[in-house]
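First the structure, which I've put down as structure tokens, then a few questions once you've had a look.
Letters A, B, C, D and E name the chains as they come in the text, with residue numbers starting at 1 for each one.
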Amino acid sequence: MNKFLGYLIVLALALAAPLVIYPVFLMKLLCFALFASAFNLILGYGGLLSFGHAAFFGGAAYISGHALKVWGLPTELGILVGALSAGVLGLAIGTLAIRRQGIYFAMITLAMAQMAYFVFISSPFTGGENGLQGVPRGTALGLIDLTNDRAMYYFVLAICLAGFLLIARAVHSPFGQVLSAIRDNEDRARSLGYDIERYKLLAFVLSATLAGLAGATKTVVFQLASLTDAHWHMSGEVVLMTLLGGLGTIAGPAVGAGIIVTLQNYLASGPLAAWVPVVLGVIFVTCVLSFRRGVVGELREFLRRSF
Amino acid sequence: MLTDLLGFPPQVLFGQLLLGLINGAFYAVLSLGLAVIFGLLNIVNFAHGALYMLGAFATLGLTQYLGIGYWGALIFAPLIVGAIGVGLERVLLRRLSGIDHLYGLLLTFGLALVIEGTFVKLFGASGIPYPTPEALQGGVNLGFMFLPFYRGWVVVASLAVCVATWYLFERTKIGAYLRAGTENPRLLQAFGVNVPLLTTLAYGYGVALAAFAGVLAAPITQVNPLMGSNLIIVVFAVVVIGGMGSIMGAVVTGLSMGIIEGLTKVFWPEASSTVIFVVMAIVLVLRPAGLFGKPA
Amino acid sequence: EISDGVVKIGLLTDMSGTYSDVAGPGTITAAEMAIEEFGGTVAGAPIELVSADHQNKADISANKARQWGDTEQVDAFAELVTTSVAMAVFEVAKQQNKIALVSGAASSPLTNDACIPTGLHWTYNTRALGVGTGSAVVAEGGDSWFFLTADYAFGEALQNDVSKVVEAAGGKVLGSVKHPFPASDFSSFMLQAQASGAKVIGLANAGGDTINAIKAAKEFGIVEAGQKIAGLLVFLSDVHALGLDTAQGLQMTVSFYWDMNDETREWSRRFFEKTGKMPTGIQAGTYSSVRHYLKAIEATGSDDTDTVVAKMREMPVEDMFAHGGVLRTDGRMVHDMYLAEVKSPADSSGPWDYLKIVRTIPGEEAFGPLSESTCPTK
Amino acid sequence: MSKSDDFILETRGLTKEFKGFTAVSEVDLRIRRHTIHALIGPNGAGKTTVFNLLTKFLIPTRGSIAFNGRDITNAKPAEISRMGVVRSFQISAVFPHMTARENVRVALQRKLGTSFHFWRSEKTLHKLNDRADELLGMVGLERFCEAMVGDLPYGRKRALEIATTLALEPEMMLLDEPTQGMGREDVELITQLIRKVSKNRTILMVEHNLGVVSTLCDQITVLQRGAVLTEGTYAEVSADPRVKEAYMGKAA
Amino acid sequence: MSDVIENHDIGGQHVSEHIEELRIQDLHAFYGESHALHGIDMKVYQGELVTLLGRNGSGRTTTLRSIMGLIGHRTGSIMLKGEEVIHATPHSIAHLGVGYCPEERGIFSRLSVEENLMLPPRVADGGMAVEELYEMFPNLAERRRSQGTRLSGGEQQMLAMARILRTGANILLLDEITEGLAPVIVDKLAEVLIELKTRGYTVVLVEQNFRFAAPLADRHFVMDHGKIVATIKADELESKQHIFDQYLSV
């Protein structure tokens, strides 16, 4: 009951937020929150550290950007195409990577993502270093004009909420149960008759698709897809967001994304502008040393202990 | 005619192979350091590139402020940076022992941001020149290419360091401790081995190797705060191809990746920064533990 | 008539990356110096400067610019080093109808296919660089070229523009090699350039890449062996980093050099006092663009975009950076460029005394006539 | 089909070589339906290796394996598990970050056929709770249904492992040293449990505890250096001087 | 239990056995927040073989790990050969002459069998020679070049035991060493332990296999819920059978 109330409050805040805070910033935050949550699905619940998620985020950004700008697809369809193609890319990369574990899995995904990056940097349709600019926002359902930031915000909010709900459901589903069993003890899960590669692959593809959804949505918001989205730093950043917020918690990655995006945004124009990397570095070091469970994880632990 | 066949004179090919070997020597020393650190601390040392950069800056500082030239720096810079490494290990990394290596990666990632960011702020991003030591200026014409003496020296010095390290780790008792310590440090300690000290020294050694590469690089590239930030991920791939923690793997792969990269620069230059990852993906699919890694 | 009662300029630059020396914090100082000249107010309203680090990323720039425009009443965006950033901000400026004063980015497409009515390209462009260095080198007999090109839009634009100039002057382009950006080791590319047998090796790159390429050329005895290196985009700070020993003899096209006349010396001395460095062309160009923008506001008493842009076009650009500069309808600010050569250590009197101006390239020659521009809104 | 040759599992010439070392050589194993069959032998005789071959964790160098007359030599681990052959591990195998009930439920869940359904609620699994608790009760873990398994003592984990295995209702169970590391009382518990679950099932076990072997097993195969030394009932085998010398020592 | 222990009480033959090799007082140990040992008191004399008996989870392994310094959080006092080691590091404890054979065997997979055997540094004189050990465990000799974890379960157990016999340690902490071993090997191990006793080694044995432990031990400490609940001398086995029944059966 309490939980339900909590969700209601969060929802109300989300609905009211653009009245107070700059909507484009909020949309960016939402997109990264979705990206980090999608990533958490594979790291936090699947136990697999992917170091190549930028390929899905960036890939979907480019493809939906192209679909909207060149093919002139309606906005919803463009986003969908982007997300699905990220899923397909996830299937391809996942099939190769999923048989490996730990640091090797991380490295294969990184390698594949680097190759994808190479494709992006050298294909003409991405605009290379300049990025794919001027992607039209279009309309939602052919009715609502999305060039209005408020309208765009609610559109993004709806997409991201759907994404979060799907993730939350997947974690607490029959599939989620098997997934956590696999993370705990692969050999045992296999001996119980589970074809663990297929479960991991499904998780990976889901995660890739949702990461793609985030990337595609971001393209529409900023009307731009760039190499930043596909660069390995982005893969690193999403790991950091997830860890900072709290690995394997539902709300954690979103909170982590919120913190990082906010920091980047506000530090860039303050007196600390030139120190952004240093400040982020210091935050990560302290985070790893002193609150490893992440913000949400530590909070939960604190509540657990004090009540 | 070979030229017609290849589309360029064969001298270019030889030249590129030699250059590849020289670059490979850097990869070898850097990945060796990473491999040592991963081997014992189970930490993917993302700060390696930053420490390599510190090695180059130490060289510069030694020369500018203490009047210690290149040859002195070859000894002192690794010692200084190694000492910094020891400090980092004692104060920060130590506290991560026994937890998922993900956190080590993160911590060192953060450290790299801090170190590089600070140096950019202090010294700017375009770098500071460092002269080639007098004794090694000039070069020799090999017929197919002009080989600067300094580059030749880089290969010799790197190989010597690699062989010494390999011997230390694979043929001495310390090596056995290191390998055992990778797996179960607590138990090794219960047998009477001072594992914390071993860990600290191993990290210091790995860092010193990075700094050594930094000294070697200083006269070639600029002494630049960002010189390590893009290298790290390639070196990282080299270690994985060789097999995480394998000393031999790091050295052999380092050299061969240099050569492969050199060849790619002839045939498809734009792909030269990607080719290592292609090799890595292929290797990992065929040999999951890397070329020299032992499967778990 | 000043909207929101304040004139606000948003300066986006690379504060910590590859371009932080050629642009970076120095451009903020330069803009501040322009504002100081007005005593901090224009047309009765205070002038405010906000700045941010765009980290050379198009998305960060677009995001920041959009936010400034939407929520902080910024009237003009300034500096915008690197092409992708300039293009991304153009997109925002077009939508919000704001002015974009580009002094950092170099690609000539900014006033051609990618132009916008309110995007003003100030300092230089790849064509001007090509005309200066390219034609000068060909004139000296360097008639066969091989390019080392950074593998991104700017490198390509630079190579294209220079190739045109070289070919027009009767030279030949023998080939090119695209190198990844950024690259740390150029020895292998140098070897390919050497094998091509071209008389001139053109460096179609910038910043750290150019520095490293020049170093590699020296190391491998390329110049001794008879080939010439042409740095196509070299900044004063690059020369400073390379040292005269390595850089001497290098020809380069610059939009500005501190030691040209009393005016430039006076301004640069003040700049040096604040930053400890002599200004680059980008930094001087930022000063000039901001100053001209403010002058137009002063003249019209309005900060309305269209009014101001019209006024800026109408008035010639007169300051220590440019004399009689003309702002064309495609956004190009046409002014003289200079062909310079790096002094030998013996000729230099000390730090920052690096260049000798060889030739003044008239604006029209450097930037070409308006008729050549492919800007659709010109 | 006559009762006597109703063999559920048969191997022919089963051989496994590791880089020049033959761990299992030419083993012909025939396990009769609805019996408890033990595999014993000195350390390093190849028992675990045979197990791994039967459960497909290793690929045989030579030889064939048939289950219910079907050739399963090249089947995958998950496949044979679905056919009804389930193993336990020598070192306890549980899902430490799940509760005991969830551990068992993971095994029960497979039959629902919804394990790939990521859009369905976990609550659809609650209908399996009764059966899970019943199974936990059978192994004496009724008090630990809600406990996180990682915190359970060793013996309890072994018991849980058996409960999980039973949940699959396997036709055949392969148990590798099920009583290893257990106190006397736990050994007793597990022995009774195995007897209880052996009804309508076939069990193949590796065990060093001769007390357990003698009370439980109908048939015993003794391995030595990878090959079958002898076969028979406990009485027959323990009377064999070669077995005494190689394996049992004073215990027999 | 009285503090004065007569010679016959401790089953040894020499007066030197009055020397306290190990004295534990009020030892508490914690895994994170969970309290595993609740105040252990015990003494072991030189040349003595004692066992720790108890149900699964009663804290026997934890006791050995605490002595070895492997439990992060512990309080109380542990004296080894007259030295306080409650705050000492594991490696300095080992150098007092302590050998530890862990429950999970701890064979290093990246080392060969022989390297595993040679790994622990010598901590005192008088360790067994490698040849002697190979004779004792012929399986190991045969597989000496194999990777450590390629050994069968029982072989790994043999290796874990053999490796500490080489180091010269004369206080042995042995955790379930007969686990997974064929009865013949178990017999052999019993002989080894008897031999070690005659050489004056001090042994603390954690064992499930009571049949194995009973004839070897001088005293038995019965543990339950992280405490020592009874101490039984070898000659009291029958008279105190009820204690075993109470704490070791269901």
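Heads up, the rule we're going with is that contacts are C-beta pairs under 8 Å (C-beta built on N, C-alpha and C of every residue); 3 or more make two chains touch, one makes a residue touch a chain.
These figures come from a predicted structure and were not determined experimentally.
A.B. asks: Given the touch definition stated above, what is the smallest step count connecting chain C to chain E?
C.D. replies: Minimum number of steps from chain C to chain E: 2.
A.B. asks: If you take the chains that touch chain B and keep only those that also touch chain E, what is left?
C.D. replies: Touching chain B as well as chain E, we find no chain at all.
A.B. asks: Averaging over Cα atoms per chain, report the distance between chain A and chain E in Å.
C.D. replies: 52
A.B. asks: With centres defined as the mean C-alpha position, give me the chain A-chain C separation in Å.
C.D. replies: 37
A.B. asks: From the mean C-alpha coordinate of chain D to that of chain E, what's the distance rounded to whole Å?
C.D. replies: That gives a centre separation of 31 Å.
A.B. asks: Going through chain C residue by residue, note those that touch at least 2 other chains and give them in order.
C.D. replies: Chain C, residues with two or more chain partners: 16, 20, 151.
A.B. asks: For chain D, what residues touch not just one other chain but two or more?
C.D. replies: Within chain D, no residue contacts more than one other chain.
A.B. asks: Could you say which residues in chain A touch two or more other chains, in rising order?
C.D. replies: 122, 274, 276-277
A.B. asks: Between which chains does touch occur?
C.D. replies: A-B, A-C, A-D, B-C, B-E, D-E
A.B. asks: Quick one: in the complex, what on chain D touches chain E?
C.D. replies: Result: residues 18, 21, 41-49, 90, 151, 153-156, 177, 180-186, 188-189, 208, 210, 245-252 of chain D touch chain E.
A.B. asks: Within the complex, which stretch of chain B touches chain C?
C.D. replies: So the residues of chain B in touch with chain C come to 8-9, 11-12, 15-16, 19-20, 22-23, 117, 120-121, 124-129, 132, 139, 145-146, 148, 150-151, 220-222, 224, 226-227, 230-231, 262, 265-266, 269-270, 272-273.
A.B. asks: Report the residues of chain A in contact with chain C in the complex, numbered from low to high.
C.D. replies: Going by the criterion above, the answer is residues 22, 24-25, 28, 121-122, 127-131, 133-134, 149, 222-224, 226, 228-229, 264-265, 268-269, 273-274, 276-277.
A.B. asks: Which positions of chain D touch chain A when the two form their complex?
C.D. replies: Listed in rising order, the residues are 55, 57, 76-78, 81-82, 86-87, 89, 93-98, 102-103, 105-107, 109-110, 112, 114-122, 124-125, 164, 168.
A.B. asks: Quick check: in the complex, which residue numbers of chain E touch chain D?
C.D. replies: Per the stated touch rule, the residues are 34, 54-57, 139, 143, 146, 150-155, 157-158, 176, 179-187, 208, 210, 248-250.
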